[in-house]
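Heads up, the next two complexes both have chain A, just with different partners, chain B and then chain C.
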Partner chain A sequence: MTFAAHIALFILLGPLLVGVVRKTKAFLSCRQGAPVFQPFLDLWKLFRRGVVRSMTASWIFDLSAPVVLGASLVLAAATPLWSREVPLPMHFILFLYLMALPRFFQTLAGLDTGSAFGGLGSSREVAVSAMAEPALILSFCGLAYLGGADTVSGMVTGVPPGRVLWRPDVILLAGTMFLLLLAENARIPVDDPATHLELTMIHEAMVLDHAGVDLAMIQLASGVRLVLFSALVSGTLFPEALSLPPFLAIPAAVMKVILSGALIGAAEAGMARMKLSRVASYLLIATVLAAIALAVRHAG
Partner chain B sequence: MPSALPYVFASAFLLPGILALLIRDPRRSRVVGFGGSAVASFLGLVVTMVGATRETPMRIPLPAPVPWVASELFLDGLSAFFLVLIFFIGFLVSVYAVGYMKEFDAHRRGQAAPLLLNLLLLSMAFVVSAGDMLSFLLGWEAMSLASYFLVVLDHEKREARQAGLIYLIATHIGTGGILLAFLFLVQTTGSFSFNGFAAVPIADPAILSATFGFALLGFGTKAGIFPFHIWLPYAHPEAPSPVSAVMSGVMIKMGIYGIVRFLFYLLPSPPVSFGAILLTLGLLSGVFGVLYAIIQHDLKRLLAFHSVENVGIILIGIGAASLCQATGRPDAAKLLLAGGLFHVLNHATFKALLFLGAGAVLQGAHTRNIEKLGGMMRGMPLTGIAFLAGSLAISAVPPFNGFASEFAIYRGLWAAAGSSGAVGVFLAAMAGLALIGGLAVVCFVKVVGTIFLGNARSAQASAARDPSVSMEFPMGTLAVFCLGLGVFPSFVMDRLMEITSFLPSAGVAAPASGGKPFTLAIALAIAIGGLSLLRTYLLRRNGQRAGGTWGCGFPYSTPRMQYTASSFADPILHVFQGILRPHTTRKERLSGRFLLEVEHETHFHDLLENGLYLPVYRLFVQAAFQARRLHPGFIHLYLGYILGALVLLLVFFH
Partner chain C sequence: MNTITVLLLLLGLHMAVTERIRPAIHSLAAQGILLGLLPFLAAPVPAWRAAGLGLATVAVKSVAIPLILTRAVNRLEIGQESESLLSTKTVILLTGALTLSAFVACARFGLSGQDRLGAAAGLTLLFSGLLMMTTRVKAVSQVIGFVVLENGIFLFGAASGSDFTLPIELGIFLDLFVAVFLMGILMLKIQRAFTHMDVRKIHTLKD
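Right, the complex of A and B next:
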């Protein structure tokens, strides 16, 4: 039961988070923007639509959307969002490496239609995530030290409550995780999900040939992944909320997601997209920050 | 009874090979030669599996090659592990070769291939079970020569001859290093047998370092560790694909066997620096190997560079294990060594699979250049699935086996970083391993995407079909093992923890919570399967139609408009251009003001090849030309040399 609730919460909060981000961005740039619940309507429409499938594509293209969403949900099952218990406890390294599974199929599907855009998106996607890998593992190591456990749920829920916000290593780690959140989820300054030109995109260029159900699954999966990252950051910063009884914990989780959506939206509204060649430096900065956090932890 | 075993195996491998030479019909010769080797390997696998349950090491005396030295086979857990590896891959590759080697039917020399392959398998089995220096070196040399002849099997091609020459030089420099390392041990201990070596530790640190250094040079060359990897990208592509599979999957692991044997058995209590050196070399091999692989267009050359990468990962495990052993962290050491050895087996599985898949692609499309392939999933669906499984495994994507062993290494590094001491070293190793893993994903998305997906870039690629059953069966089996070893890693890990039991441990074996790969595999299967069913249902309800790929509003799209392997690798190339050093040449042909043609070429030079090896090689060649003046062909002068030598001997050694 809690298992179904856990997964359902991720699936529901994903589009909500995306909606909040868009609304915040619109508000900060003095536009009205679409309603917050627009992503839900989009998904509903996509799930009811037929599919035009490229004649070039092979079975990998057909398998990609279920793999992307399925693997993201398995990852979600290991992430604490509203309770200390998770349905599927997972070692943090297994968690990191499992993130490669949806990426592998997603990028292959991008190449499968034989479109130049798909290849462009795939190529950039794997390059960005490969360079993000050291920063990810170092910041996960930092979180694991902080929580004193090596499972993802243990490391977030094991963070000692109270005054944790004022520790320099916590702040550095949360900052690194936020930088990685932007890079791994196709947000500004690394990627712009709302641009109108495919040549400048990463994620959207890759999924250009997906339609209907496939596109809905992929968009749902990226929402789930965004919630997952924001749950890791907010869980570390406010571990107290995870110990609340369920009737309080779920609203608290929703609040955290809305807050992180506002934060991501604000960050995106204040920045421009970087040149692709600058992304490497951006990720190097994240790696160095994580390394400093680890050094601070061992020095102090 | 066991004393007859070496003779039984020698004849089981060599007789079919000799028969294959004698039979005139090339097809029958292939079946007898490779079939015989498959039977012998299968037999060996069964015997080793049964024998591996023995508690005490097995010792089989051999007739001495030199009168006053005893020679013997010595089989312990480590030997048995490598024997399983040799026979397992040997069996599958032999089955594959029955179908594949028909490429060589037109040439009489193709009939030498079975004998050479069998000799290679037999000599490797001999190397890992040798109990003394002389039999080890004998096996080592037989292995090197058999593989040399297999590399130059296609000796009408200039590239094959060149690759053979580079390999021959490299392997003999290596043998020289191993010989010197052994001689230091003989000098210290006065014994020729491995047990004798292990009994007396080397006291003098200078001699200890020299022994390790020469052993590292020798075994590192065979294993393809970073500064000594130079022969590997030449020799692997030129050998026939089943031979590449054996060389990359198994033969380079003989170098790993040697390093483990020296570091943990023959040189008891090595200093910290040895482990640190190996760990550093492992990280360098991993990063350089995968970076050089990303920029390759030649499929087999690319796979060869991935061997450099994976040997690096293995060395990270072994080096960190030695480091932990030296600094009093035996728990982590045990996990790391077991993880490194597990990666030896896993790399053999997926790399053999990938080379066999490359062979099938090569046979179908007659090119190794991946820029000319594409869309082959349609014509070769079975090969495509097997190759995809191998690619997921080599990219360390769970739940495949490449991840299983890297996970063990990670857990070891994490345990080592958790106890006091040089935390930074182990955390840096983890970050390095993560970068290697991420780059491997880049490379294999590129490979699978450009070969099997999209549109065919040449007529040959679209005409290629799945190969015969004798080639499909080994690929399928290896693909199943790639998944099976990843889902049930404890079958192998438990055995390896026993083999490494000479490292004391206190409760490290318990798998970390949430690391259960079987649970994960089930969860993934349910999630992905359920969503696929949902997708099928929705597609049936909502309707699906086929259309062209969206071309940005343009009506045409040709295979030339697809992303190529080079363009795919470009972002990584851009970031790492300081290391990869691309040389770009651009030629323009103008007619008046109009640009008619642009030629744009990018080449890469291996840093070490141009910076270190070629200058040294040229120096040697010059010295050899100078030395030639010493023998101009006058018999008087030669007699004078003899006289001079005698006088010098009498003066110095009287």
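Right, the complex of A and C next:
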């Protein structure tokens, strides 16, 4: 039961978070913007449509969207969102590699259709994710050190509670995770989810050939991943919220997701997308921050 | 205290890494304000001394020096970039390595607890200031590096808990202020004489 509820919460909060991010961006740039629930309507529309696929695509293309969604849901089952217990405790190294699995299939599918865009997007996506890898591993190691556990749920909930502002190592790690959230989920300083220009697309170019149900699954999975990352960040900063009784914990989780959506939207509205060649510097800074967080933890 | 130390560290790293001069000057001013807070939080000193020291720090490091530097940037019309001899990526990696080595060194010294963090951060600022002074091309960024180095020494002193006497502190401020003031004037002179601020080209001077 809790398993189903946990997964359902992730599935419901994913599109909501995307909607909140879009609404915040629109609000900050003085536009009206689509309603917050627009992503749900989009998904509903896409799920009723058939799939158009390239003549040259193979079974890998058909497999990729379900694998992407499935792996994201398995990851979601290991992430604490509203309680300290998760349905599927998972070692963080396994977690990191499972995060790479959907990306692997998505890049393969991008190459599989034989269109130029797919290959372009795949190559950029792999470059970005390869550069994000050290920062990701270092920050998860830092979290494991901080929380004193090696499962993802254990290390997030094991972070000693206390006043956040007085804990520089926690802030640094959460900051690194936020930088990674933007990079890993194709958000603005690295990639723009709203653009469809060939010069600027990274993630979008890769999923361009997906349609209908496949596209819906991929969009749902990206929403779930966004919720997953923001749950990690907010869980690190405010571990107290995870030990509330259930009737308070679920509204608290929804509030956290809405707040992090507003934060992501504000960050995106305030920044310009950077040149592809500067993404390496951005991710290097994230790596160095994670290393400093570890050093500060060790010293302080 | 810990949070202020880490903020100082991050601002220092921002200055070491950023490619533009004005944000670096803003970070420098912010660092001055944070340093001004330190005497109030650190070792038990009389309130009037903490107040005097804090106010003097803020006045010199976050008002006077940034003003001189901003004026220099405006008067010299030297543009936004603080060109470096190394690429941004190399600088990021180097500052990361220097930070970690500072922390390792402080762990080896056997300092403990809060002092160790402050000392390590101070050492890091000292290193990154040195890096800025040696690898930056424009004189303004080199002056910023010098002030960062000075801030590192201040932080190290505050963390090591040794009791600075007020005259010594004031002497340091005066020293620093005069140094930056002179560099400001000197930069104007260089600009007037050579119409550029690239210190690489000064090496080619002959008499």
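Criterion: the second predicted complex is superposed on the first by the 295 of 300 C-alpha atoms of A that agree within 3 Å, B and C clash if a C-alpha of one lies under 4 Å from a C-alpha of the other, contacts with A are read in each partner's own complex, and residues count from 1 in each chain.
As a convention for this text, a residue touches a chain if its C-beta (ideal position, glycine included) is under 8 Å from a C-beta of that chain, and two chains touch if they have at least 3 such contacts.
Because the structure is predicted, anything quoted here is derived from the model rather than measured.
**Q** For the combined arrangement obtained by superposing on chain A, do chain B and chain C clash, or do they fit?
**A** Fit: chain B and chain C sit side by side once superposed on chain A.
**Q** Output check: A:100 vs chain B and chain C. Expected answer is one of first, second, both, neither. What do you get?
**A** It touches chain B, and chain C stays clear.
**Q** Of the partners chain B and chain C, which touch A:298 in the superposed model: first, second, both, neither?
**A** So A:298 meets both chain B and chain C here.
**Q** Of the partners chain B and chain C, which touch A:49 in the superposed model: first, second, both, neither?
**A** first
**Q** Determine how wide the angle is at the CA centre of chain A between the CA centres of chain C and chain B, giving a multiple of 10 degrees.
**A** Nearest-10 rounding gives 90 degrees.
**Q** Just chain B (first), just chain C (second), both, or neither: which does A:271 touch?
**A** A:271 contacts neither chain B nor chain C.
**Q** Who does A:120 touch here: chain B (first), chain C (second), both, or neither?
**A** First partner only, chain B.
**Q** Give one of first, second, both or neither to describe whether A:280 is in contact with chain B, with chain C, with both, or with none.
**A** A:280 sits against chain B and chain C alike.
**Q** With the two complexes superposed on chain A, say which partner A:248 touches: chain B (first), chain C (second), both, or neither.
**A** neither
**Q** Between chain B and chain C, which makes contact with more of the residues in chain A?
**A** B
**Q** According to the stated criteria, A:74 is in contact with first (chain B), second (chain C), both, or neither; which is it?
**A** Once the two structures are laid over each other on A, A:74 reaches chain B alone.
**Q** With the two structures laid over each other on chain A, which partner does A:89 touch: chain B (first), chain C (second), both, or neither?
**A** first
**Q** Check the superposed model and tell me the shortest C-alpha distance between chain B and chain C, rounded to whole Å.
**A** 9
**Q** Can you list the residues of chain A that touch chain B in one structure and chain C in the other?
**A** 280, 287, 291, 295, 298
**Q** Hey, which residues of chain A end up touching chain B in the complex?
**A** 47-56, 58-60, 62-63, 65-67, 69-71, 73-74, 77-78, 88-91, 93-94, 96-98, 100-101, 103-104, 107-108, 110-120, 122-124, 126-134, 136-138, 141, 144, 150-154, 198, 208-209, 212-214, 217, 276-277, 280, 287, 291, 294-295, 298
**Q** Residue numbers of chain A touching chain C in their complex, please.
**A** On the chain A side, the touching residues are 165-168, 171-172, 278, 280-281, 284-285, 287-288, 291-292, 295-296, 298-300.
**Q** What does chain B use to touch chain A in their complex?
**A** Per the stated touch rule, the residues are 374-375, 377-378, 384, 388, 392, 395-398, 403, 406-407, 410-411, 414, 417, 423-424, 427, 430-432, 434-435, 437-439, 441-442, 444-446, 448-450, 452-455, 512-515, 519-520, 523-524, 527-532, 534-535, 538-539, 542-552, 557, 559, 561-563, 567-572, 574-575.
**Q** Which residues of chain C touch chain A in their complex?
**A** Per the touch definition, chain C meets chain A at residues 2-3, 5-7, 9, 13, 17, 88-89, 92-93, 95-96, 99-100, 103, 106-107, 113-114, 116-117, 120.
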